[in-house]
Amino acid sequence: MKTVVSIGGSVLVPDLDAGRVEAYADVIGSLAAAGHDLGVVVGGGPTAREYIGAARSLGANEGELDQLGIDTTRLNARLLLAALDEDLASPTVPTDYEEAAESLHRDRVVVMGGVVPAQTTDAVSAALAEYVDADRLVFATSVPGVFDADPNEDPDAERYEEMTASELVKLVARGESLGSAGSNAPIDLLAAKVLDRSGIEAIVLDGTDPRAVERAVLEDDYEGTRIGPNHD
Amino acid sequence: MKTVVSIGGSVLVPDLDAGRVEAYADVIGSLAAAGHDLGVVVGGGPTAREYIGAARSLGANEGELDQLGIDTTRLNARLLLAALDEDLASPTVPTDYEEAAESLHRDRVVVMGGVVPAQTTDAVSAALAEYVDADRLVFATSVPGVFDADPNEDPDAERYEEMTASELVKLVARGESLGSAGSNAPIDLLAAKVLDRSGIEAIVLDGTDPRAVERAVLEDDYEGTRIGPNHD
Amino acid sequence: MKTVVSIGGSVLVPDLDAGRVEAYADVIGSLAAAGHDLGVVVGGGPTAREYIGAARSLGANEGELDQLGIDTTRLNARLLLAALDEDLASPTVPTDYEEAAESLHRDRVVVMGGVVPAQTTDAVSAALAEYVDADRLVFATSVPGVFDADPNEDPDAERYEEMTASELVKLVARGESLGSAGSNAPIDLLAAKVLDRSGIEAIVLDGTDPRAVERAVLEDDYEGTRIGPNHD
Amino acid sequence: MKTVVSIGGSVLVPDLDAGRVEAYADVIGSLAAAGHDLGVVVGGGPTAREYIGAARSLGANEGELDQLGIDTTRLNARLLLAALDEDLASPTVPTDYEEAAESLHRDRVVVMGGVVPAQTTDAVSAALAEYVDADRLVFATSVPGVFDADPNEDPDAERYEEMTASELVKLVARGESLGSAGSNAPIDLLAAKVLDRSGIEAIVLDGTDPRAVERAVLEDDYEGTRIGPNHD
Amino acid sequence: MKTVVSIGGSVLVPDLDAGRVEAYADVIGSLAAAGHDLGVVVGGGPTAREYIGAARSLGANEGELDQLGIDTTRLNARLLLAALDEDLASPTVPTDYEEAAESLHRDRVVVMGGVVPAQTTDAVSAALAEYVDADRLVFATSVPGVFDADPNEDPDAERYEEMTASELVKLVARGESLGSAGSNAPIDLLAAKVLDRSGIEAIVLDGTDPRAVERAVLEDDYEGTRIGPNHD
Amino acid sequence: MKTVVSIGGSVLVPDLDAGRVEAYADVIGSLAAAGHDLGVVVGGGPTAREYIGAARSLGANEGELDQLGIDTTRLNARLLLAALDEDLASPTVPTDYEEAAESLHRDRVVVMGGVVPAQTTDAVSAALAEYVDADRLVFATSVPGVFDADPNEDPDAERYEEMTASELVKLVARGESLGSAGSNAPIDLLAAKVLDRSGIEAIVLDGTDPRAVERAVLEDDYEGTRIGPNHD
């Protein structure tokens, strides 16, 4: 089995808490031990936001801000690598899909961050899953799935247990109703579109507890939303 | 003035017609002579489609197909470079935005193709425009603007003379009504979203006659759609 | 056994015929399964000729034309990779001999195209064979060997069953009598000279049927010309 | 005049305070306007310390910690670039001395961070100054010069107004008496040794107020320590 | 066991004597056969000194001279690679620590030379040992250990059988008493400081006979100085 | 005027004689001052031969020997750069034609060595001249032109004052009669063939006195052989 795990920056390093990183390293180790090849994509989190805020006030454009964000995701990738067993993972953080595929061709685990401006790490996760023919993609976000309304604001918000990728595209494109406070959708539109074209199965879950990722991958047991290929 | 010109593959090399490439080189030369710094992004066209078709039947995944397409866009970029005055343009085809910005920092003209999988050359054009703080972005497509219905199928289709980027996002996301036969929208969703966030003015026009690009840039005279920043 | 196979562009992609590419992928797979380490070098073919023709009419110099040709050989290499078992071959197309040697040090199969201007893929094949200490080099061309006259024009043309590398150098340097229509010798002079200095055994055969390569490598059974090291 | 300015991380981004970065950008702009070619080397600061702390607790070795620190200095370099006039500075952060020299060969200003493990940004500053034949090197630190005792602990600590590089080497090697709290000497031993061999004049000053750097470079007016070449 | 071996240029190629290189290749082969993973760092030697002398008289600065020296160490690394079993070692000479770690992650043996100006190959050896978590570092120099006076000049010079890294730092910083004629200390200050911070055990011995390295690594039997981690 | 100068290794560094290098730097300076853009390609010379001899006896193959030779040519290129005015030449040694073209696009002078195995620096010089559309190529060799017999052995050997590139190809291919002792032809076959296809004018002269190159370029005054484009 080949699995891509996308770990949001706020999930991996909410506060440069080494404990959380270590817990994720443990989960990755046990997934690898169970025979999974793993592509791991990590986000930027608070440090990225801090740098982006400072750069924005200095007049940086959106592309430059993205680049700062990408650099931070690579810092986070390196941090996670530091906690992983050195025999397990390639010690280099790949900067594009071909390099990542080359590493995963040789190693059990590869850890990367962002790739280029105008492509979020959500989208990178989906594109990596597609590029390496992954069987499944798990989004470990700060929201327990995809909802029909913002669960933080609307007590009646309901989670989709299962939906197709093209339904997700429509939902995200409408700009409504995703899990978090709207402006912070757990999966962005480009990622949804990549899922749509590639037909890879994805799971969106709350990654605050890393064990949730482990259970999802090993036992197919999770609370969250399953995004399946389109029926046709 | 700094301008990014996006030339669709089918527009630049409909049939490896050196005449069309030469005409575009002339236009670029005259824009540069008029004082414009130019980032040029070219698409893949028929050769890309041929390779992608062959690779798909051989079992390549969507990411690998994108990569083949990117390689072809770079071939096209090199072809266009061959027709440009060597003093004008950097002789290297940049492979990411930073390299492109570095070249445009030194030269009047830089020519590039695609960058990474899951990012069309439309999106590259918008992201490049954003990254280098371009004043304007011209999409030279095979369709004379953005329409409310497919002009090839619906005789009543009307072109938008002007629209905001966020209106374009909504239109593209609805998946309806763009100029061409629908499946071949002149601007894709990611490009639209980059325009939306960056507020760069864009023009969509029919680039079959390269002089149309010249007139649009030099005289602000064109038949097509102007996409303006959002009002707020 | 370490074998380098040189597949001419017109042989691999006479018309972007995925079937031919697939047949070559099958042969490579079965050679690898039989225990061969394989360096595969592919040529440019019709697409290269098309681009080169267009660029020449746009004023590109011979070096730039070579570069376009190289880019196309890499497209072809990627196409062949798409058809190969992903566990077998490095997913990256090396761009020089050291990179290729590094890949072949780790993988059963490496696929590459051209390297630099003024060095044909024939020569690349010979130089790669030399660089990785290959036991044998097979040229899969569109001509069934090396002849003393052009077999398409001279009904009495006879094929050399066996010749030394230095005899080949003399023959090619005389500019006469090679298999194809003269201007299209199955092996160029630089390749011949590399064979001459390195003493690697080479076989020139008609690669239109990929099985001919398989039989030659596995059973030493072929119709073509064997180029042996010089006697001394 | 060619000048290298070393800006400590805690001086440039004590708290991701964009104001401080902007003030430094102003100073760099005015130095460039006054005809100086400038190599700027920035340190890591609080973000580096945070990441290094987390990685250390995860078991990273000193070399890996250095690498995390280097990545952070490059983030800081990018932040400073965002505030600089784009016509002034190369938009790329060089990762070694040759690249930096190439940029400074073309641009008025180049901004970089660390280079490799086991080489602090102090040392990078000195090595860059040496590599580009700079006339002078200014260390903008959080301490107003080199002292004979820790000025924070010893009220009688006296600043050296002037010293030779080899005197500095001896002082630093003794591990005593540098300006800050000892463990955080304003200039490390490798930097001192590079100064010693290259004979470049250096100034150590308090860079909390960026104007201090401007006055030092333009008017040779500063409170701090001047490190001169050795007499011989 | 992971071991880094530092072979001085004058030890490996005192006169481009292939015999010495071959003897070292034999030792490396037998260490690898005994189960050691090996990082090998080679110095510049006479060729480096010749080029540096010429370049100095042409006005090159110290950084440029270092760069020439680094290039020569890489020539020497390639020479040693030529003598090694190709299945054993990565055929590429890494140019930084991350690349070296990546190679050692995959291969039994990696061979490299210098990395950047202002960092000797002594220091590179220590930094590599640190970066790859080596168990031990052996310095094969032209001096049989660390002495309290120059053994070539002072008949009463005594070798330290054992010392801590911080004692070594102090000794080197005093600039006295190292094995060779003072100006040519067997280990430089930066290397000593890296040992000091990382706590890796090092052995300094006379590498004129390569078997001395083999005995030291395999049987812990050597004449030289053992540098141990600091007590605390 | 754009000129490529090929300086043989034995001509530039017969014995790491800085005087000769300095004299060449002077000539390059005065050619640049006279308005020439210059691509300079340097050979390997005695150091290359020494390393190649050692590596051959260690079992390196011809490709690996070429690579060692290339590394040495780059050392020589760096040595020549050290003697050049830093404002004149790019401080980086390009490793392929595109990089060289990029540098020559920006600078008056670019200095490089070899590029890939199986391509001598003679051939690199011709390919570079072709790639950058040079007006003329000067081969500064240790032989005063192209002869009809070996001038060192045959007192009746006569120099060709002028010949076409295709005549040169025939002469070299016959393997006879070139200036030096036969095995060491002043121009190799691949270089001759590149001249033949590109039609660039070349001059072969004795470069022992660097002023001979200066006179040839500035005053068209030389003793040697002029190789002109073919008549047709």
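As written, the chains take the letters A, B, C, D, E and F, and residue 1 is the first residue of each chain.
Throughout what follows, a residue touches a chain if its C-beta (ideal position, glycine included) is under 8 Å from a C-beta of that chain, and two chains touch if they have at least 3 such contacts.
Please read these numbers as outputs of a predicted model, since none were measured by experiment.
Enquirer: Work out which chains are contact partners of both chain A and chain D.
Expert: For chain A paired with chain D, the chains in contact with each are B, E, in label order.
Enquirer: Looking at chain pairs A-C and C-F, which one is connected by more C-beta pairs in contact?
Expert: If we tally the contacting C-beta pairs, C-F comes out ahead.
Enquirer: Which chain maximises the distance between its CA centroid and that of chain D?
Expert: Most distant chain from chain D: C.
Enquirer: Taking only the C-alpha atoms, how many degrees of rotation bring chain C onto chain D, rounded to the nearest 5?
Expert: Superposing chain C on chain D takes a rotation of 180 degrees, nearest 5.
Enquirer: With chain centres defined as C-alpha means, what is the inter-centre distance between chain B and chain F in Å?
Expert: So the centroids are 43 Å from each other.
Enquirer: Would you kindly tell me how far, in whole Å, the mean C-alpha position of chain F lies from that of chain A?
Expert: Chain centroid spacing, chain A to chain F, equals 54 Å.
Enquirer: Nearest whole angstrom, what separates the Cα centre of chain B from the Cα centre of chain C?
Expert: The answer is 37 Å.
Enquirer: Could you please state the distance in Å, as a whole number, between where the Cα atoms of chain D are centred and where those of chain E are centred?
Expert: A distance of 30 Å separates the two centres.
Enquirer: Enumerate the residues of chain A that touch no fewer than two other chains.
Expert: 64, 67, 98, 106, 133
Enquirer: Kindly provide every pair of chains that touch.
Expert: Here the touching chain pairs work out to A-B, A-C, A-D, A-E, B-C, B-D, B-F, C-E, C-F, D-E, D-F, E-F.
Enquirer: What part of chain C is in contact with chain A in the complex they form?
Expert: Result: residues 86-87, 90-92, 106-107 of chain C touch chain A.
Enquirer: Looking at the complex, which residues from chain A come into contact with chain C?
Expert: Per the stated touch rule, the residues are 98-99, 101-102, 105-106, 133.
Enquirer: Would you tell me which residues of chain B are touching chain C in their complex?
Expert: Contact set of chain B toward chain C: 13, 16-18, 21-22, 25, 47, 50-51, 53-55, 57-60, 64, 67-68, 71-72, 74-75, 78-79, 82-83.
Enquirer: Okay, in this complex, where on chain D does chain E touch?
Expert: Its residues touching chain E are 61-64, 67, 96-98, 115-119, 123, 126-127, 130-131, 133, 173-174, 189-190, 193-194, 197-198.
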